[in-house]
Amino acid sequence: MARRGLAAVAGGAAVAAALPWLLDDFLVSLALSCLMYVALATSWAMFSGATRYVSLGTSAFFGLGAYVSAWTVAAAPWPVVIAGGALIAAAFAGLAGLAILHLRGTYFAVLTFGMSELTRHAVTYGEKQYAGTVGRVLTVAPSSRTVYLTVLAIAVAAVGVAVVVRGSRFGLALIGIGADEQRAQTLGVPTRRVKVAGFALSAAFAGAAGAAMAVRWTYIDPTAVFNPFIGLQTVLIAIVGGPLSLTGPLLAALVFSLLAEFLRLQFPYAYLIALGILLIVAVLYLPQGLAGLWQTRARAERPTAAR
Amino acid sequence: MMRVLAIALVAALVLVGASLDTSAQSDAPPIKIGYAISRTGPFAPGAQATQEPSYILWAEQVNAAGGLNVKGQKRKIELVSYDDRSEVETIVRTFEKLMVTDKVDLILPPWGSTANFAVAPLADKHGYPVLAPTALSMKLVDMKLPNFFSMLPQPYVLMAAAADMLAANGVKTVAVIYMDDVFGLENIAAFEPAVKAKGIEIVDKKSYPLGIKDLSPVLRAIKDKNPDAFVGLTYPPDTILASKQSKEIGFNPKVFFTAVGTAFPLYKQVMGADSDGVSGIGSWSVKTSPAAKAYFDAHVKRFQKEPDRWASAHCWAGLQILQAAIEKVGMDRKAIREYIASNEHATIIGPVRFKGSEIQFPGTVGQWVGGDFEVVWPANRATAKLVVPKPAWK
Amino acid sequence: MTTPALAARSVVVRFGGLTAVDGVDLDVDDRTVVGIIGPNGAGKTTFFNALSGLVTPASGRLFVGGADLTGKPAHVFARAGIARTFQTPRVFADMTVAESVRFGLEFAGRRRRAERASLAEVPAILDFLGLADSAALPARAVTPARQRLLEIGMALATRPRILLLDEVAAGLTHAEVEKVARLVHRCRDELGLGVVWIEHAVAVLLDAVERVLVLHQGRKLAEGIPSAVARDPLVIEAYLGDGAAEARP
Amino acid sequence: MRLWIELVVSGLITGGIYALVAMGLNLQYGLMRILNVSHGEFLMLGAYLTYWAYLVMHLSPFVFLPPLLVGLFVVGLVVHRLCFRRLAETTPEVEAFEARSLLVGFGLMFVVQNVALLVWGADLRGYQYLAGTVSIAGVGFTANRLVAFAAALVLGLGLIAVLRATLLGRAVRAMMQSPTGALLVGIDVRRLHPAVFGVGLALAGAAGALLSMVFEISPSMGEPYTVTALIVIALGGFGSVTGSLLGGLLLGVVEAIGMHLTSPSLKMVLSYGVFMLVLITRPNGLFVR
């Protein structure tokens, strides 16, 4: 399974990598948005889907990545900037995880939301106090093609890592924690370590995505990059896709981004109403998410059964 | 599976792109002018108060008159507009669509500094001139983008005018609050040296975050220091909040100045007679020129609401400049850009010209006088006489 | 004297103001079956939670194979060879029976205990329990009795030294209970495990264990061979308030 | 001393509204595990309807309050029937239900917010009602803030009284502790749940009506109140309506004093910091013994 999955990821990535040479700027941008949400939703589902620790904190990691980019892009090579965004986000998630991963369910969801708002305001305050500004202008920026390929690489890495994790003991531990945390612990899973590591790993992708996307906007401020909607939309996509499946969030990221864009451009005044209704209908009538549509297949693909 | 997905993605992308290709055919092809602006999200109140109505009104007026005169041919305007959801990434993507996919003839800017920061370099890259009525940041001007023109005077101009006005009216002490964002920070940075140069002492200086719901603790502390003037470098909700709460605690400085939103008709609606004597950023009134009056009346007729007395008219002036440029040099964007950059333009806010990205327009101060918002500073722009001290809250 | 496989010394567990376990000692050696009985609320399950590391005792010490594990998280206990089941089966509902068993092997059961004759393969464990024909079913779909067996299977997959069984016979028919008792003995004899078995239905237990410990209101009331404990007046009195009929073997 | 009185009273006034917003949300969450993130949207709806009634029909917000409460109650019944009933039937497992009801909430948020946009436009709006200043012990307060506070308190205490004094109310409270208890007391959950959901929306609407007298309104005004409600609920404890009342008042006072002692810029850092700290260290709320 893991090998087949990775091969499929490579195939998809090859096609996506050719897009900047085939399509115009707008369609490439649209593809970029899709890829961003592929990266965010897949990495989210890798941790939150498996463990059922529903995190609304993706925007915190995304925003931190964006700020790392703003701080360093003029001085450091591009790969270092991206890696920096990923590392800072992961380190932050690790520390935050140590403090909050003992609470489950709604508590965790609300806490992660609070964490991302707290981060936003703390960055605002810190920037104002120590840099005398809240927003930052990024005049040195790599070409949009570079940004696209970078986000593609992040998305591919997110999917690839999700596939590998799914087939690994680490992934099994995450699923065990989601099924019954105490039980998993009594079977020898070091739950705390696994949770913190999983949370940090998933945050790394959001941080990298934030670092890559920020340079597109010339100017970033906390309101834009810590926008809670980034986190909410990620959760929404992952759950609509089917948080326990691999392909579900991926597919939902594409469907959702394209659908939202299509509705926005076709019905400029009422599209969010349509989107809201579609979302409600999807939640009510697809209890397993989009992945439920090919449920039987997904079952056969379960890694532990296949091995 | 993944390969199928990837192909499906490409197909869907192309489909979305193709389905949105809105090309209308007619004998005299219309001029396609595109923009994305906030109809939803946090930027929407600002965008809908000061910007999009003017775009719509302008296109309607031009079309009612038969269209724009382009090289002897009357061509109508076709607006291609989208909601930008107040999201920077969506703004970038939509403007790419407008310029690259839709290949519109011209674009109109989005609302607010953040959005213009994202759009200005993009428009410059594709060679589209932009006349931005709601971008207020020296950082943007300092990028020296040839195709970017700011229709608003920058903070150092605005704040210098405010400081002049304060000094001329015998203000010795001032308390100031400002918002924690690019608007507040750039303005406070300009305000401090401006008042210090005039020998005015800042007795209190406090910043506050977006979305604040209670300023009374701050205002009470300020009241205790009894400054001659109060200056709020505020946005509409906080402008009104600061006013209401100053009234609540009976804080009556000689000059009460608040920034964005003071010039909104909403201000008078919620403050009633208390609006009298409140000053703020504003640059025009119906008395400024007959053209301004005509704009005002047309706006009220079309939208059943008044335009604000600051950026709305700058927005309209930008559209006037664009119109003049098209009728003078045709649809060549390079020529339009040159025309804008190198001429003086007659607009409803008076004659303006550009130096780099910056509009050459004096800083002004407005005030609610006798139930209307008037320009009161400097004297040569004034449409009414400045009232100092401000009458106490009723 | 050799070090016991599991030793609890004056273990105290408190919840807020309530003392659920109050100074209990217990030694368990390899290849023995120890029973713990006591009326409802005696602190049996809480004591198990302490023995498996799920709750940290307020005072007292826990030794596994001589090593002091007091205060360590539950997975350390699992890796040290303490396996347990839960009163209401806590199987991984969405996993198959085989996957559930594999889970234990992947974690605590991963380390080889060369000196033990433990079961190291999923099929071997399923065969041992007679669950082979359910291997591919989701855990949620098998009968409650089989879920109990699966619980034991998951525990065995950690390749333990000590097996803690929490009311594995509750609600079963007489014939099923007999089978469980045989299974417990096989764990002792074939796998060399030390077993601690909590049961509310005392009659079943007294027949199957070598030594029994009686808990009452968190304290150890009596300890000894079943026949002696069953005649202990203190024990009988404790059970009178809770259904004396059950207490007689 | 006068300053402190001012700060505390000012904080209490803000906190009263916080409490009212939080109580409705907490009622829904406590009883049904629906964390309705569109709560603020219904608050916004209440605000707009009140504004509209005032402007078009010249009705005082207080005259309009009873029909508004009834109206939003009915909206609540309909929303529950259309969305949450089916969800509860198809998703018996609590954690999954919570996650999915969160998504339904987002859907509702999109719908309600944009319906308001279509109807009223995006502009900031407001009106003048009881804008005069009242002096209490030498400290001035705008009449509408005092009145709004009083109304919030009356509604909040009224709700608590109903929950404590009536049989049905006590059953609701019992169920908020243990959902299975409903079956034992023989309560018809299929009727009770929509009703309580409706009450939650009605309370949100009432809060919106009161807020519209004090603050300007816009279609996107609701979200921050949802967030504040969450903070208050965390302070007072999930599922504890009385806790929400106290938590709201406490948060208002803490913010006012904190803002005075530090800087308004730190206000948000402060609120979220307190919120995180309380959740991490006392997940059941500050007022649980």
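In order of appearance the chains are A, B, C and D, and numbering begins at 1 in each one.
Rule of thumb we're sticking to: contacts are C-beta pairs under 8 Å (C-beta built on N, C-alpha and C of every residue); 3 or more make two chains touch, one makes a residue touch a chain.
Predicted model, so just to flag it, every value in this text is computed and none were measured.
Student: Could you give the fewest steps needed to travel from chain B to chain D through chains in contact?
Tutor: The fewest touching-chain steps linking chain B to chain D number 1.
Student: Would you mind telling me which chain pair, A-D or A-B, is linked by more contacting C-beta pairs?
Tutor: So, comparing the two chain pairs, more contacts are at A-B.
Student: Can you figure out the chain closest to the middle, judged by Cα centres?
Tutor: A
Student: Please report how many Å separate the Cα centroid of chain B from that of chain C, as a whole number.
Tutor: The computed centroid separation for chain B versus chain C comes out at 73 Å.
Student: CA centre of chain A versus CA centre of chain D: separation in Å?
Tutor: The computed centroid separation for chain A versus chain D comes out at 31 Å.
Student: Rounded to the nearest whole Å, what is the centre-to-centre distance of chain C and chain D, using the mean of the C-alpha atoms as each centre?
Tutor: Roughly 49 Å separates the two chain centres.
Student: Report, in whole Å, the distance between the mean C-alpha point of chain A and the mean C-alpha point of chain B.
Tutor: Roughly 35 Å, centre to centre.
Student: For chain C, jot down the residues that touch at least 2 other chains.
Tutor: none
Student: Indicate the residues of chain B shared as contacts by at least two other chains.
Tutor: Residues 39-40, 42, 180, 207, 209.
Student: Touching two or more other chains, which residues of chain A qualify?
Tutor: If we look for residues of chain A contacting two or more partner chains, we find 121, 124-125, 128, 269, 272.
Student: Let me know each pair of chains that touch one another.
Tutor: After working through each pair, the chains in contact turn out to be A-B, A-C, A-D, B-D.
Student: Touching chain B in the complex: which residues of chain D?
Tutor: 3, 6-7, 10-11, 14, 113-114, 117, 121-128, 131, 133, 140-142, 145, 215-216, 218-220, 224, 255-257, 259-260, 263-265, 267-268
Student: So in the complex, which bits of chain A are touching chain C?
Tutor: By the definition above, chain A touches chain C via 169, 172-173, 175-176, 179-180, 182-192, 302, 304-305.
Student: Chain D touches which residues of chain B in the complex?
Tutor: The touching residues are 38-42, 44-45, 47-49, 177, 180, 206-209, 211-218, 220-221, 224, 236-237, 240-241, 244-245, 247-250, 261, 264, 266, 269-272, 274, 305, 393.
Student: For the complex, which residues does chain A have touching chain B?
Tutor: These residues of chain A touch chain B: 5, 8-9, 11-12, 15-16, 19, 22-27, 29-34, 36, 121, 124-125, 128, 132-135, 137, 139, 213, 216-221, 223-224, 227, 229, 247, 250-251, 254, 258, 261-262, 264-266, 268-269, 271-272.
Student: What does chain C use to touch chain A in their complex?
Tutor: 52-54, 73-75, 77-79, 83-84, 86, 90-96, 98-99, 102-104, 106-110, 136, 154-155, 157-158
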